[in-house]
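Below you will find the structure I want to go over with you.
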Amino acid sequence: MKKSIRETIKDFLMKAMEKGVFDAVLIPMKVPAGDSYVYVLIKDKALVKDADPLPPVMSVQGGKAVSSVTRLGKGNLKIAAVMRPCEVRATNELEKNEQVNPENITLISIDCPGVLPLHDFTSNPEEGLAVFEQAEKKHDDTKMRPVCQICDNSSLIAGDLHIGTLGAAKDSVFLIAHSHKGQEVLQTLQLSSKGSLASWKKQVQEKVENKKKQRSMTHKQLKKQIGGLENLIDTFSRCLNCHNCMRACPVCFCRLCYFDSEKVKNVREDYMQQAQEKGTLRFPPDTTLFHIGRMTHMSVSCVSCGACEDACPVSLPVAQVFSMIADETQGLFEYLAGRNREEPLPMKTFKEDELHEMEDAHD
Amino acid sequence: MKIGVYICECGPNIAEKVDIDEVIKAVKPLDNVAVVERFKLLCSQDGKQFLADQIKKHELTHLVVAACSPREHQQTFMDVCEQEGLNPYLFQLANIREQCAWITDDKKEATKKAIRLTKAAVARVQYHTPLEKQQIESNPDVLVIGGGIAGIQASLQLAGPERTIHLVEKTSSLGGLSQYYEKTFPDMKPCASFIKGLIETVKNNPHINVYTNTEIEEILGFFGNFEITVKQTTTPEATAAFEVGAVVVATGATPFNPEHISKYGYQKIENVITALDFEQMNLSGKITLKNGKPPKSVAIIHCVGREEKGYCSQICCMYSIKFIRYLQKKVPSTKITNFYTDLCIPGKSQQHFYEQSLGNHVDFIRMSDLQITKQSDKIQITYSNEKDASKKLSVDMVILSPVLEPTQGLSSIIESTRISQGEKGFLTEEHEKIAPVSTSTEGVFIAGCSHGPKSIEETMSQAEAVTGHILTSLIPGQKIEPEVKVSHISESFCIGCKTCLNVCCYGAITFDDLKKVSVVNEVICRGCGNCVAACPSGAITLKHFTHNQVYHEVKEAVQ
Amino acid sequence: MTKALVRKTSTEQGLLTFLQDLLKNKVVSGVFSLKVINKDGDIAYALITNPDDLKDARPFYPLMPENAGLHLSRFTLKGTAKQPVLAVVKPCELRGFVELIKREQGNLDKLITISATCGGVFPIKMAVSKDHEKHLSKYWESVKKGEIHPEIRSVCKACENFEPYTADITVDLLGNSKSDAQLCMYFNTNKGKELATALKTTLVEKDSDKKTLDAIRKKRTAEKQRLFADIQKQLNGIDGLVNIFGRCIGCHGCSKVCPICYCRLCEFESPEAEYNPAHFESEFKKKGAMKVPPGTLYYQLGRLSHIGISCVACGQCEDVCPVDIPVAMIFKYVGESIQTMFEYVPGKNRDEKIPLITFNKEEFAEIEE
Amino acid sequence: MTKKEEFTPRILAFLCNWCSYAGADLAGTSRLKYPTSILPIRVMCSSRVDPLFLIRGYLEGADGVLVAGCHPGDCHYQEGNYYARRRFAMLKNIFESLGLEKERLRLSWVSASEGQKYAKVTTDFTNVIKDIGENPAKSKIFL
């Protein structure tokens, strides 16, 4: 039955393309081998049929996709990007870092049921599909990625247009404009939102509330588990230094990561010295440095999308740890990554009267 | 960005074969194209004026011309740009004549291709960046290595109030081999006396510094700015250093020494001498045997060492014939027999010279398996000719005419100039046909027998060719303009694997051991782009042939 | 005949004692080896300077968390070597390091290498849940018998270069039936022998068991041909490539862990490799749609052209691929075919030039048509 | 067969400035006829031709790629074409191993005086390509 909600969404998109509201759509599509989904930028309306606005996995984070299409310029095409809320938020963060040109892009988000761990799906697509369908039906996310299970922003509207599926009547969806751009789209398609959103809002609120509970619980446990240097080092010591997490992360946009650069490479005798101080030096020595360092670089922009954990070959709970840290650091500045395009990046601004709790009392 | 696109009708050449209006229609709508026009003949005076006016009128930032091959008129149009203050490297020429209009009778197909090529040019030009000609100070002085006829000739022609020549000779005297030759072939004009004269003029020339008993220690730098260190081999040893803008390698050649080939009996049998011994004897005025008597019969053996060295020196036959003249003059009655394997008498006057030298006392025998032995007071020559084997002939004197082989001990020169040596040990020219006296190192030239066995005549013309090169490219007081389209290595992307150093055959890339990155010397780089394709990091760009310029041309072409 | 050290003790214990003696007697200042690094018993590379810490070392543990070639490169690249260090690595890691040395990315100053005839390793993903541990005893059995353990990575099953090429010391492991009762190490170089001299250990004349090793190689070759046949079936033209690489997410993790991908910034991450809007628009003309991010197949083919010639088939790329693309097997398959063409075995001989930085005037006349 | 006729291939020809580009010009000035399918890209030396150009050209939909340079020993830059040949040999081998039509790649030595040869090479390369058919990469979305 959710299938047809997908159809509804695609019909909407195709209609919009007919009317020339959009020239192209950026949307996930199943790969020919059928074992995964990737983003595709579609100009030929007919191809939209093969797309899937709500795929069971998130192989590439939508923010990355939008960035790679618009980083070098807005282009001549009006593009609708259909993504999950966390992907829209990542897009907004990237815009704040000049990695996205929003001018010709309309960001469309959909209520997110979560996604399956990428590795689980690719290793057995058929089963994956079945599992996901069930999960969607039953609103049961126990099979979804851990970080999705504690996501309290699965319906957050941060783009131009949002498609609400929660609390919607059979085969129908809520179309919620969230910006001037979004309103224009609905107007040109004579879809100006009249109907009440009450039922959607209600369900969203319920969902958010119990997710918030789960989230703080999980984070508490996690803190116990990894808190303290010893545990932290142990957790990350299995890390292979492949830096897949950084490469999959939408807000890690650096061309060359600091931790891949010369700056972290020492001369031979320094390594010897470090080893001799401790008796043993795990090699390379900067695994923990990398993760903590990365936190300082991007945790204020982390949208808890889980791409990092999906990409980790040794299944470190990266996404969970980072979502925990992100809540803390973003909380400091009453900031929520990507929630609002206008909100300046905490590290690019300051208030004169803030964070006094951090300083020694002056007297 | 405002690109102007101009399509040349080239009279009927393009207009009749390509539907130019179609091309215009296809190009007009492209991004950044400000204007598209056709013109009857863009390389004409009017054409150039037209382009100039267009650049001004439309304030063009880039120019594309669709016309003939870049090998025809690229420079013409680049000059127009330069005059109009538009950087000439913001221009691209689409070849729609040689490689489009002229290759088919199908106008439709030709038009399609013309459109592709022009669009590709437009796509490419958008990625062009202005390039500035750089100018560097240059030193007009020249180092000439080798005081033989080639070195002397080059020095005399180059030396002048504004150009000092440093002439370095390994031995104690100038003149090289030819100072021992009484006469030259085929004109039988005086040689030794002529050389003496030259040596005097060299010594008296205030603009030539002669260094005898001196060898090259090191040659550093590049065209226009070489730093030279030389070492005197006399005791006490002394070194000198000076700077020059160009180097001429005229290290000559030496006759092959037949001593080790027993069949010739050289140094074992009396009155068996080499060509050089004979030249010296002749120059001293008398041709005699050891016992002071004139020889009644003489055998001249050609092609000595040809088999061993694997090449023909192309001059041995000629000087052997010259020896006939010496003998006919000094010991008229003597009987002369020439033994050769192949007779080599090339050139316009040599044949005549040969025929004149024939006479009733002169024999030419094509021989094989030759053997020279002592026979009481005479010398016996055993040989086979076309007809019968092991024939015998006894003579008073045998002259061995050996091939020339390259001078030894050039390693320091070769290493420090990075010029290359062929398998036979002679120096290799840059290109056999299009650059016969230049070498792979710009500013280093070769003249005379160091490049291969040569007659004095050829040696002279090589020396003159070299002088011509230097006089036109290294003008006193004028800066030199090195190639603009050269490689550049991004310090931040280079990982220092030295792949580029390995593939560069000009030694244009050096390694910065402090930063552990490769660095291009833009003055030495010739801009082939080999290092660019070799670099896995994409850290090297070839100016005007960057990845993006080529790639976007490619992409648009196959669209 | 080669000089060998033979001791009546299990290979692992014997080797550890040997290493301990070297550290204790300051013959070397550090030992670079796999080691248990946390309470969960995870294994990773470590630079050990304290002899006591060697008790947790697991020299030839059948896992490859990272290609040690990368580490040795990073360790030796900068600064001058003062203290001698001994590295215990697997044959393909050593070959990777040699390829890096050829690219000026490391050196062998005061670095002694020990390697062993290698029985292959388990996929790293197995180690996450420690699944591999239940196979360990069986694994060591099959190593003794010189058989291919069913659970090791495919590239290992297909590896014919299990004999280290340039190691100073080779530990006799694979096909050595006596390995848990007897340590046998071959000292191939003076660098290696000096260690023995320093410890006043007497070496005997001994030859490695060529027959057994050849037999093993035969098995591996057969397995390789089988696996190559499989991959070849999948690699049928552009459609095959799209099927295999279609799910590539362009994380470039494969290049990050590759011992041959040594570039500071990968060409495919450089500004030159970025696609501008015009590119997408022109792609539409042809196809009406295109994958985002684009160029994933271009990247794979390009990487093949960059490192295929030196690929040591260590399998790291496949281990870390988030979408389980059989990268390693493909690179081994294509790589070997190029390498054979140039008669080049990466990492076999330090003095052999990388084929792409040299040439032979007489070669490949047939390729020009 | 008719299908084959309809299809006009797009063939990239990387030509070195000194020999092959001059040779191609000569073919034109001598009014030799050869297919318009050939799209010349001028480079200074065949050694500038980065294998990546060929890969990209192929993925962009070129039906064939020709690399032409000076004859061995005649390279304007000494040895460039020997390196070009190695890189080409490697790439061709990669194509073969991956089951891609290696016939789409071609290397040819054409001197400045070989207009005839250039016309011949381009003509029969075009025919070869016509036989293989269009480059399937043209229509692939998931590259």
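Here the chain labels run A, B, C and D in written order, and each chain numbers its own residues starting at 1.
Simple rule for what comes next: a contact is a pair of C-beta atoms (placed from the backbone, for glycine too) under 8 Å apart; a residue touches a chain by one contact, two chains touch by 3 or more.
Only a predicted model underlies this, so the values are computations on that prediction, with no experimental measurement involved.
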Next on the checklist: Measuring from CA centroids, which chain ends up nearest the centre of the complete protein set?
Outcome noted: D
Next on the checklist: Quick check: more C-beta contact pairs at A-D or at A-C?
Outcome noted: A-C
Item to check | Chain centre separation (subunit A, subunit D; CA means) in Å | outcome: 45
Checklist entry - Approximately how many whole Å separate the CA-defined centres of subunit C and subunit D? => result 37
Item to check | Approximate Å spacing (C-alpha centroids) for the pair subunit B, subunit D | outcome: 31
Checklist entry - Considering subunit C alone, which of its residues make contact with at least two other chains? => result 239, 242, 246, 264-265, 267, 270, 278, 286-291, 294, 356
Checklist outcome for this item: Among all residues of subunit B, those touching at least two other chains are 503, 534, 547, 555
Item to check | Overlap residues in subunit A, where contacts from two or more other chains coincide | outcome: 31-32, 38, 40, 47
Checklist entry - Taking the complex as given, what residues does subunit D use to touch subunit B? => result 8, 10, 12, 17, 21-22, 24-25, 27-29, 31-36, 38-45, 47-53, 56-57, 60-62, 74, 76-80, 83-84, 87, 119
Item to check | Interface residues, subunit C side, partner subunit D - complex | outcome: 232, 235-242, 246, 267, 286-291, 294-298, 301-302, 304-305, 308-309, 333-334, 337-338, 341-342, 355-356, 359-361, 363-364, 367-369
Next on the checklist: With touch defined as at the start, can you tell me which subunit D residues reach subunit A in the complex?
Outcome noted: 141-142
Next on the checklist: Looking at the complex, which residues from subunit B come into contact with subunit C?
Outcome noted: 31, 492-499, 502-503, 516, 534, 536-539, 546-548, 555-556, 559
Item to check | In the complex, subunit A residues that touch subunit D | outcome: 31-32, 38, 40, 47
